[in-house]
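Think of it as A, B, C, D and E in the order they're written, each chain with its own count starting at 1.
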Amino acid sequence: AAARDNVQVAGSSTVLPYASIVAEAFGENFDFPTPVVEGGGSGAGRKKLCEGVGENTIDIANSSSRIKQSDIDLCAQNGVTEIMEVRIGYDGIVFASDINGPDFAFTPADWYNAIAEKIVVDGALVANPNMTWADVNPELPAQKIMAFIPGTKHGTREVFDEKVLEAGCEATGAAEAFAAAGDADHKGCMALRTDGASVDIDGDYTETLSRLAANPEAIGVFGLSFYEANTDKLIVATMDGIVPSTESISTGEYPVSRPLYFYVKKAHLGVIPGLQEYIDFFVSDEIAGPDGPLAQYGLVSDPELAATQEAVANGVVMAPLN
Amino acid sequence: MTDATASSPAAPKPSRHRGSLLEVDARTRRRNASERRFRRLGLGAIGIGVAALIILVTSILSQGLPAFQQTFIALDVYLDETKLDKNGNRDIEEIKKVSTFGYTPLINSAMSAKMEEIGVTAEEFGLSDRDLTDMISKEAAAELRRHVIANPDSIGETVTFEFLANGRIDGYFKGRVTMESAQLDSNVSPGQLQLADALKEGGSLSTHWNWGFFTMADASENRPEAAGIGVAIIGSMYMMMVVLCLALPIGVAASIYLEEFAPQNWFTDLIEVNISNLAAVPSIVFGILGLAIFINYAGLPQSAPIVGGLVLTLMTLPTIIISTRASLKSVPPSIRDAALGVGASKMQSVFHHVLPLAMPGILTGTIIGLAQALGETAPLMLIGMVAFVREFPSAPPEGFFDPASALPVQVYNFTQRADPAFVERASGAIIVLLIFLLCMNFIAIILRRRFERRW
Amino acid sequence: MSVGLVSLIVLLIAAVGYMMGRRKALSSAGGDIRKLHSLPSYYGQTVLLFAAVPAFLLMFVWLFFQPIYIESSVTGMISPSDIAEGSSESLVMADVRRIAGGLDQLLVQGDLSEDDISRMRADETNVRERLAQAGVALGSDVQQSVFEAAKAYRGQNSALWMAMVVAVLALSLAGAVFSYMKIAPSYRARNVSEAAIKAILILSSMVAILTTVGIVFSLLFETAHFFRLYPAKDFFFNATWNPQFRGGSDLGILPLLWGTLYVSFIALLFAVPIGLFAAIYLSEYASPRLRSIAKPAIEILAGIPTIVYGLFALITVGPMLRDYFAQPLGLGASSSSVMTAGIVMAIMLIPFVSSLSDDIINAVPQAMRDGSFGLGATHSETIKQVVLPAALPGIVGAVLLAASRAIGETMIVVMGAGAAAKLSLNPFEAMTTITVKIVSQLTGDTEFASPETLVAFALGLSLFVITLGLNVLALYIVRKYREQYE
Amino acid sequence: MNDMRPVERAVETKEIKFECRDCQVWYGDTHAIKDVSVDIQDKTVTAFIGPSGCGKSTFLRCLNRMNDTIDIARVEGSFLLDGESIYDKRVDPVQLRAKVGMVFQKPNPFPKSIYDNVAYGPRIHGLAKNKAELDEIVEKSLRRGAIWNEVKDRLDAPGTGLSGGQQQRLCIARAVATEPEVLLMDEPCSALDPIATAQVEELIDELRESYSVVIVTHSMQQAARVSQKTAFFHLGNLVEFGETGQIFTNPKDPRTESYITGRIG
Amino acid sequence: MNDMRPVERAVETKEIKFECRDCQVWYGDTHAIKDVSVDIQDKTVTAFIGPSGCGKSTFLRCLNRMNDTIDIARVEGSFLLDGESIYDKRVDPVQLRAKVGMVFQKPNPFPKSIYDNVAYGPRIHGLAKNKAELDEIVEKSLRRGAIWNEVKDRLDAPGTGLSGGQQQRLCIARAVATEPEVLLMDEPCSALDPIATAQVEELIDELRESYSVVIVTHSMQQAARVSQKTAFFHLGNLVEFGETGQIFTNPKDPRTESYITGRIG
């Protein structure tokens, strides 16, 4: 069998667009072939990365969340002991609705009260009675509650759970109520109503967008970059009064965002042609900097990019998870 | 002694059918009414099928046909030596050092020159330099760089290029983008659209047939206008070759064995149940299987059409086997008897008589199986074919082992992209896929008509 | 000599053998074919088989084991110290292969001679640069021991390759001669060649068995892993499906199973009658012209990518059903529903039922129809009572195929029926199926070794077992019912 | 050929049941029936004789429009049943075929049980009010088909698992079960032994009392035994048509004579 | 039944071609052939007679193992062809069937052209060196099948588009084309007119010179005319077997007598 001469990347479909932009530019500007970038989900990507060392395993796993200990263990078990962690920037998560609808200004508490299964009314936990956003918060439009949120397969959901629901749960005092009811780690905070007010979307943002088209009253959860490509169809809601944008996210004002990573199998560096060049290129200012094509596309550039560049150049292996 | 005398020889009852033939009696009317109903149901069923087809195909066509057209802007680019080859020694290695970002200014100045030529200024439309560059596809810089590297001697000259226009500009001429939507759109401004109109009037902007859609590779989200399905077409072609060469013979052979030769026992029952069960296995599970066997065990490369083809073969087999068996079963035994009676072997009777008679069903199964294989994405997900691939695979047989994409994968990828310009490309890819399918079916349909007969 | 060339020579030997075998058979019978046991071409075929099959088998086995053998002998040349930290032997071997390939490339281009290569040393020449000229990119600079290994790899490779060529060709010739010698008028050539064909047929039907074994094994391991993390009892009997990122998920199969059965049922409820009526109309009533157009047209429905159906369900059918049926009837306000997915899936399944059944119905002998017409039956009575029962076994096959496809479909369900796992009778509510969850859990962002991902394998295996059960049941019913006929 | 003793029956003038004029049939380009005009009387057995391939079956199939089912067959001429053209647009072939039953040359039992084979006609024509009546019809028909004794214990067995002659008798029983006014029988006794043949002939005789029967046969003896009228076909032409007695004893056409004396085939 | 004038031929003792002993056939649970032992001589025509459904076809199909193709059929007993058991494991049924040809009761032409129908056997057995020879064989066989004149202009037409009797003769021609040593004919003349029947009988007579022919027939006259040996079957039993002359003139068994005089069926 001939030896492989292209870099192979797999993983998160959130990172995929960024990675393909980089891969394309890389193929144009270097003599190496364009890397093959696969989607398939962060979990699957990391699993493939950890399948072992060798040509018929991939070189890089894109991930929309940090690698987990179980993945590291799996890697170690298969001889993948050295992994480089590269944070490429941040992904903002925004709430948007049909452009012809009213403006929304949310707080996490609004979201919690709108779609949680049980909420606190007059100090007691009751099944969620709210039918319209105005029921939740009189300042919101009297529009039927219908939310398209990412399905439980999506990493976005994890962020949504944590930064919106959990925050809202705390803010409305429901967390305390759950704790009082014996649910110490507030599992109840994550329980959503099942009457159709919140709809899980297992597909991608395009599906959410299509669903919005079919249900103009609904509100959808999107990635910032997706929203930016469709500003003529969507109107974005503020969260805690902050309008999501690359600036507000990089300063940390806008609360709902998450870091994006890729993980490099160090053993492949120096073996797979172009691998080192690719990762160097990826984190270079030209690409990942605030004026680079990634930022232009909607990636929130990492303020600590310089440190990342250095680590990548020196092949620094990631430390054990804390 | 006889039955006939045993039965009563009493005169038969007068027939109930007496009466004019021209007047249809009540019962016959009822039966005819039910006949008509039945017939109408059949026609209705076909109507539903055809109507569904028409709806789907027209919606695909109306969305996808624009993908075959693209807006281009013709610019005269001065290949500035000071930017491209600072030392002026035409050393290819040095020229290569200038990345595509370095080419952007050339395009920008070419654009300005063009505007001057047609007598408009950027200020008129309230456009910045960057806005001007954004009207041209990001692919342009790459195109320019490729040209320069291929012809280093052209540095210092002015060369006319026909660049792809940005997707939104293109959308404007296809009706996807309007002045109103541009107002809201952060990626395009009405000024840019007005400029595009001016360019069109000036004759340097035109919308015409786009071969690039068929010949170019996929492109990233930043440049939907440059995305093509070339790699996918080749990948699908390779995979279908594998599927056709494996699934049809293996499927038919297996069915012949099971239907004609296998003894009737628990083992063949097992195989039979097993095959219908395989048909119900979700296609992604075949992906799991392919990953485990062909990639991890047999060490075949990721993202390769050969693996895709093998996985799809396994997935298609049950369909072909089930339909082939069904049609073998429907060949009347008297034909087999006749052949055996003149001293043909079982094998000969099957291959000379039964198989030709079963051919229509076999071909139908093959058509349906291939159609399914051609449109399937899920199993390819796990073997690395649902990917962003820009390198064209080489010619067969090596090409079977190179990374490639496939048409349904390309459709799937396009539909996941944020930029609305990808919607038309997804539908365009579907059109190509259907044409692909029609071509494959065409032979089968002709053959089927040849083999069809009643006896 | 490349594999292609060797195969070509073997085929050539086989073809010549075929011709000579034929000729010998004919001449051994003195030109009178009747004296031969079989037709002369069968004698030719035996020679062909003996010349080609063993030789090709040997070649495949050889090609399979040669790299394994060479690697094991070449790896010995690389000292463990040359393997970089964290790297592995297999990666270094990849480099070895790449260098060897590059040297060959240089040789072909005429930049180097064999002598140059044997004199070349990694510490003196910049191998990486030289190879880059040949278009072979290396990830890093080359170490001397690796380079030597690459040279040895080339040497062994070509030596073994020659050996293989000789062995394969010799075997092919031997086979040809052997079977050629055996040719005599009484030699049962047809039986030999038919036995070979039958072996091929049997092997082909074994592919299905092997696929099943492969599927079961590729699912079994991870399923076992899953059940170590998640209690089987909960998986099978828990009525909620609610995976969570932080653990503590509910992963009960019941709502998914219900959704699967419900969606498939509705899909078949529409697809089977429509498909069957279409088939009947096409084969019994339609003019040849209509048939030759409508049948392939309907078959296109099977080839439209499911994502198109998904979007159709999402954008058109879903809202329509909601606005005109679900809401007026007070059955809910969800645009994605079991009904939506079922109906759209039914469209896709129509050709599965119609085309196949049409062929089967067409194969019912005309004498059956004549018999019925002669008794004064209307066309529809004939179809219902004579033609369909006669075609029943095939039609059942077609329906089973459609059912299978319905169970295995993903995209339409995702977009049409939604992603919510629910146990409900209302067909206008969103539900989801096992297949959908297999795909989404497998391609999700959850870590692989967590029950949330591994559950995909357990779902796959359970579905496999369930459909197996359904198929056994179907076979049993068909057998029982069919006893009346035939 | 010396067993020809036509039954000399009183020849009354009977009503004409079928009046066929200038009938033509083409199979594609082959002219299979040329200018045939025949009157078939009510309550009479008419025999069609002629060498194999002369068009007997083809003509027979015209009488209940079974040729409609052959794509390439084209029928012309006038066929009047009780004075009404059966090829009229308003005529429903279904009703016609219920009136004009048919036994085919090649036995073609349905792939159903013996019982269902026979019950099929009565069921679709609604001849039985209930199961008991249907059972009765089935039994009676099977008896008339002279096959009852052989199959009475295996009514549930498939009709296709019968011997050739049994299948033929089953098809006769099936045709009789619907009580047609005219029964067309294409060589009903070709696969039958003499006894069974005699029983079927007896049945034909019995049917003649109320219906009209047309029978194609190769056996001159049989034609002579059962029929009152005989038509002799040759190469698609109706050569001679007349009283059975006259045809067999005193044929007008030399071809008829040659045929019945065994000289042309 | 008075046309029985068995041809009194010199009865030589001939070699035994087929020796069948204690043959049993079951269809599922039905015992269709019970303990039948028959010797079929070489260069002889043997007729099987008996009422419909008595097992003639079944027994005939045992002789070239056509019953192998019926799933539910089970055959027992010894069948020796030229002293070799045809049910032996080592016997190739294909070779057997090439030696023992068969004409089926229901004509079953292949849905192919008339030419191909006849040429099929010679082709698979390699009986013709070239096209011309094959043409010759086809013509000769069709002539022997007494159908050449009718089909010579339409050899390319499908065999299924022939009339019943033509199909039957086509099948005879097809069987003869392979020149089998033993020819089994299941009612070969049932759909044939007297002339064609005479021609086929002539063919049988001609075949007898070199081969052995077994014919099932319902026509006592035919059996008497063409056969030297006759076997009478009844309800699955072989009732009587002997010289044709003796069977028809002087049957030993009362059942035989009843049958040939037309009393049992």
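Some points to look at:
What we mean here is this: a contact is a pair of C-beta atoms (placed from the backbone, for glycine too) under 8 Å apart; a residue touches a chain by one contact, two chains touch by 3 or more.
Remember, predicted model here, so these are calculated numbers, not experimental data.
For the pair chain B and chain C, chains touching both partners: A, D, E. Averaging Cα coordinates per chain and for the whole protein, the chain whose average falls nearest the overall one is C.
Here the CA centre of chain B is 58 Å from the CA centre of chain E.
Centre to centre, using the average C-alpha position, chain C and chain E are separated by 49 Å.
Chain A and chain C have Cα centroids separated by 35 Å. Mean C-alpha position of chain D lies 28 Å from that of chain E.
Those residues of chain E in touch with two or more other chains are numbered 92, 94-95, 106, 124-125, 263-265. Residue numbers of chain C whose C-beta contacts span two or more other chains: 190, 311, 365-366, 378, 381, 442-443.
The set of chain A residues that touch two or more partner chains comprises 1-2, 4, 31, 39-40, 44, 55. According to the touch criterion at the top of this document, the contacting chain pairs are A-B, A-C, B-C, B-D, B-E, C-D, C-E, D-E. Across the interface of their complex, chain E is touched by residues 31, 33-34, 36-40, 188, 190-191 of chain C. Only residues 67, 84-88, 90-92, 94-95, 97-98, 101, 136-140, 242-245, 248, 311, 314-315, 318-319, 332-336, 414-415, 418-420, 422, 429-430, 432, 436, 440-450, 452-453 of chain C touch chain A when the two sit together in their complex. Chain E contributes residues 1-3, 27, 49-53, 57-58, 105-107, 146, 150, 161-166, 169, 186-187, 190-199, 218, 220, 259, 262-265 to its touches with chain D in the complex. For chain B in complex with chain C, the residues that touch the partner chain are 31-32, 34-35, 38-39, 41-46, 48-50, 52-53, 55-57, 59-60, 249-251, 253-254, 256-258, 261-262, 269, 271-286, 288-289, 291-293, 314, 317-319, 321-323, 325-327, 329-332, 345, 347, 357-358, 360-361, 364-365, 367-368, 371-372, 374-375, 377-378, 381-382, 397, 408, 411-412, 415, 426, 430, 433-434, 437-438, 441, 445, 449, 452, 454-455.
Contact residues of chain A toward chain B in the complex are 1-2, 4, 6, 8, 10, 13, 16-17, 19-21, 23-25, 27-29, 31, 33-34, 36-40, 44, 51, 55-56, 58, 99, 204-206, 225-226, 228-233, 286, 293, 296-297.
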